[in-house]
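Quick heads-up: structures coming right below.
In the two complexes below, chain A is the common chain; its partner is chain B in one and chain C in the other.
Here is the complex of A and B:
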């Protein structure tokens, strides 16, 4: 069996090895999980000012949305550009380029393994959130959970591809992580991490929906929290963005790798 | 260039240029560099051609920055040549086709592919999966190479806890797991102590004998080259200026040989001047540099004219010769 041209054995070995590696850094990962509490800060801000009502959400709805946003963020956070840049500048990329496995698969495995390591910490944080906000407790239905899981993985794929596109610029600029800021700022405002997109004026929302960002947090978080959402159009948009980004990354990678100078190696 | 089917590697008029930015020191230089960046092309390798037959061990010699590592990187497909051609076993390396990648390996003495916080065994099983080895094949291969490299429980200890020598041997094991037939080794003994260097050398020699693999090696340690490489390619300032066997290089570099004599009684230096150039004279020991064509006569005369306890004839140290060669930048 092959997954994206990768044999199941390679996939499994990469994942288990990377998981073992991530477990070596479990404390660091717990801290990273804790550092993703921005949605809770935003929840606290919006609920105290009673702004939630203007988003069409009561306090419970707001709490569920931001907890969902936190969980989606935990499993779609991407840092490939930073690892890739370091590997590229230090020459660590060189042996990877000479193996019959696309180097990006290694980073995918690292991310998935890190997500698995984050899982218990994310669950613990969710439990604490429910203890502090007992009225917001809910259990999503199985189909809801499955769709949220699927859309979160698609969100991760889009985020990974977007950052890989920037990472591939390392072949030209050397410090492409600086360019990642160009993605991070619109991501912060348009993904739904700071505020549900329903709070946006309709013309801003229309423009935002033309970008990939609302499908990274807002869409999966709405599914998970049980808010009304256009599921088929949301998935369609996610698949569309993935189909645009896969060939784009592929082309940029092929062009870039010709310029690789194996610095530091 | 005429290519022979028996040639495994063909390098034809290969050149590589790097574009680099030039920045003047100081604040003014920084501002100028920011607004008006000046770049220029640096030639790392210029118009180099040679062929290598299967099973050969070839040493690449050159000072730092001579271009030997760039050449190696182009041959293994890591970087694209600016001009010229490289053919390795019928493959164009820079295309990095899977079949080609399964036939080669690159070991860089100063770089590691092993995962730092895990035991080498974890990285070995990743490599085995990547190269499509079954679990049984991987186990047999790991055991075989571990025995040759004298590695045991080190393979189950985190890489960060290993000594440099153990780490390097583990790196070599990881790089050879898939039975590559062409080995590109860039400073494989860098930083190792004398014993570890010797073990790596004897392993490579044994590996070449057992598998018939072709080995291309760069090293700053002349002992690596003299022990392993019957053929050397010398690179200076990006250009090839010698391709041939090491002995001929030594002969062309030094037309003389060293004659070391231990005397029964001390003698004055004037007594030896007619035999050759005196390199060293210390009480009862004398070292003379004698041209090869006069060697037989000189030795015969020395034995007749002096009361000699011991006499030794040797070539001047090759590393000394090569060092002088790089300083001069030309072959005599």
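Here is the complex of A and C:
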């Protein structure tokens, strides 16, 4: 069975080649992993100033939440718009478009391969975190881990689709990576990377929950850290966003390819 | 010396002309900046719910820090980011050769070649917040506190520039580690909050190892008239050391430069 040219065999080949490629850039990927320290900085602030109690989290709860937020971010981070912009500006996109495979799958594979390369670094950072904060140590139960894994993958899918929407604008404008900032800014503040969303005043929270952003960090991180969370509603919202975004990306992509002029050709 | 000023003027006027082509970019940057500022102030306000303070800082004085951060971020976006992130490309493509051949100091050329005008609104807005919030927190301005403020901003900027340049210069050896600047940027975000709000270990690191305190907290204290003279003095020495080190490091790095594909 092939979906947009993707079969199991093609997918496996893509993944293994991309994984081999990513393994060459281990130091670079370690640095990317390190550049996700923001949740830890925020954790030190929230716990030092005893703010956690005001939104119902003690120090251990805060520590677990922010470590989970860090891990979820590690495996849902997306950069497709930057690769895509480069490929489209340098004309590398043209051969990809000729292949009987949707070019976006190539980027999906490289993201998944990068996540696999990241795994050891993320685990190492988590271990260091536990050494520094031994009281916060916990191991999520297997079903918990499975649900967190699933929701992180959904979060990655939503983030990837959102950015692909911006990437498809590359067909119209040369500098669509600048537009990515307009997604990144609300993501930064509404996803729960800086503070658990339960700290928000209720009217801000209501608005935030109407956007896809809380389902990118806050929801999976809550599952992983064992905080009380409405699991079925969360998954429902994630699936809803995916089912809205898939056709949107598809339509915009089709419209865009018609305009593609193969820069530099 | 005059030659250098003239060069900067020429660099930045051509930069202005070329950026007029991308007016939409300017608008997007402006929107992103306003969103970031709004979000940061919102997050900051969460620390103050229920009449709490953030490491002895009142709401208004913490806003001064946000202002200083925004100002420095504007300078970063205007000068540091466009110039210093290019260095790795010069190294990778071998075009650094042409820069080195020019009859002007290479560190100077690499540091000021570009100027992104999208950073300007952020610089202006940052300063406005600083002064507005300083007035709100009832600080009494004097020529002296203003003077100390400018000096401490300069100290902060020089430290920021030197650290960033050091990382960029190390790309002469490790082309692949240039995204260490991303790690730096992530750590710099700690400067949005007063240094006294952090745990003791981080306070120590952010003062002496990666001196983020000198970037935002101390300039904010300066405009509020609370900066101790010995800290200012220490800052002057520290920033000079950082700058001298970046310069020596660059000379050292150039000795190891072998050019691409040769």
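One rule holds for everything that comes next: the second predicted complex is superposed on the first by the 259 of 265 C-alpha atoms of A that agree within 3 Å, B and C clash if a C-alpha of one lies under 4 Å from a C-alpha of the other, contacts with A are read in each partner's own complex, and residues count from 1 in each chain.
Following the convention adopted for this analysis, a residue touches a chain if its C-beta (ideal position, glycine included) is under 8 Å from a C-beta of that chain, and two chains touch if they have at least 3 such contacts.
Computed from a predicted structure; not experimentally measured.
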item	value
Partner chain in contact with A:28 - chain B first, chain C second, else both or neither	second
Partner chain in contact with A:254 - chain B first, chain C second, else both or neither	neither
First (chain B), second (chain C), both or neither touched by A:206	neither
Touched partner set for A:10, first chain B, second chain C, both or neither	first
Chain B versus chain C as contact partner of A:91, first or second or both or neither	first
Of chain C and chain B, partner touching more chain A residues	C
Touching partner for A:100 - first (chain B), second (chain C), both, neither	first
Footprint overlap on chain A, comparing chain B with chain C	25
List of chain A residues in touch with chain C within their complex	25, 27-28, 31-32, 34-38, 41, 44-45, 47-51, 54, 173, 175, 178-179, 181-182, 184-186, 188-189, 194-195, 199-200, 204
Residues on chain B engaged by chain A in the complex (per definition of touch)	18, 73, 76-80, 94, 96, 98, 101-102, 104-106, 108, 110-113, 115, 117-118, 122-123, 125-132, 175
Interface residues, chain A side, partner chain B - complex	7, 9-10, 12-14, 17, 20-21, 24-25, 91-92, 94-101, 258-262, 265
Chain A partner contacts - residues on chain C that touch it in the complex	22, 24-25, 28-29, 31-32, 35-36, 39-40, 42-43, 46-47, 49-50, 52, 54-55, 174, 176-177, 179-180, 182-183, 185-187, 189-190, 193, 197-199, 202
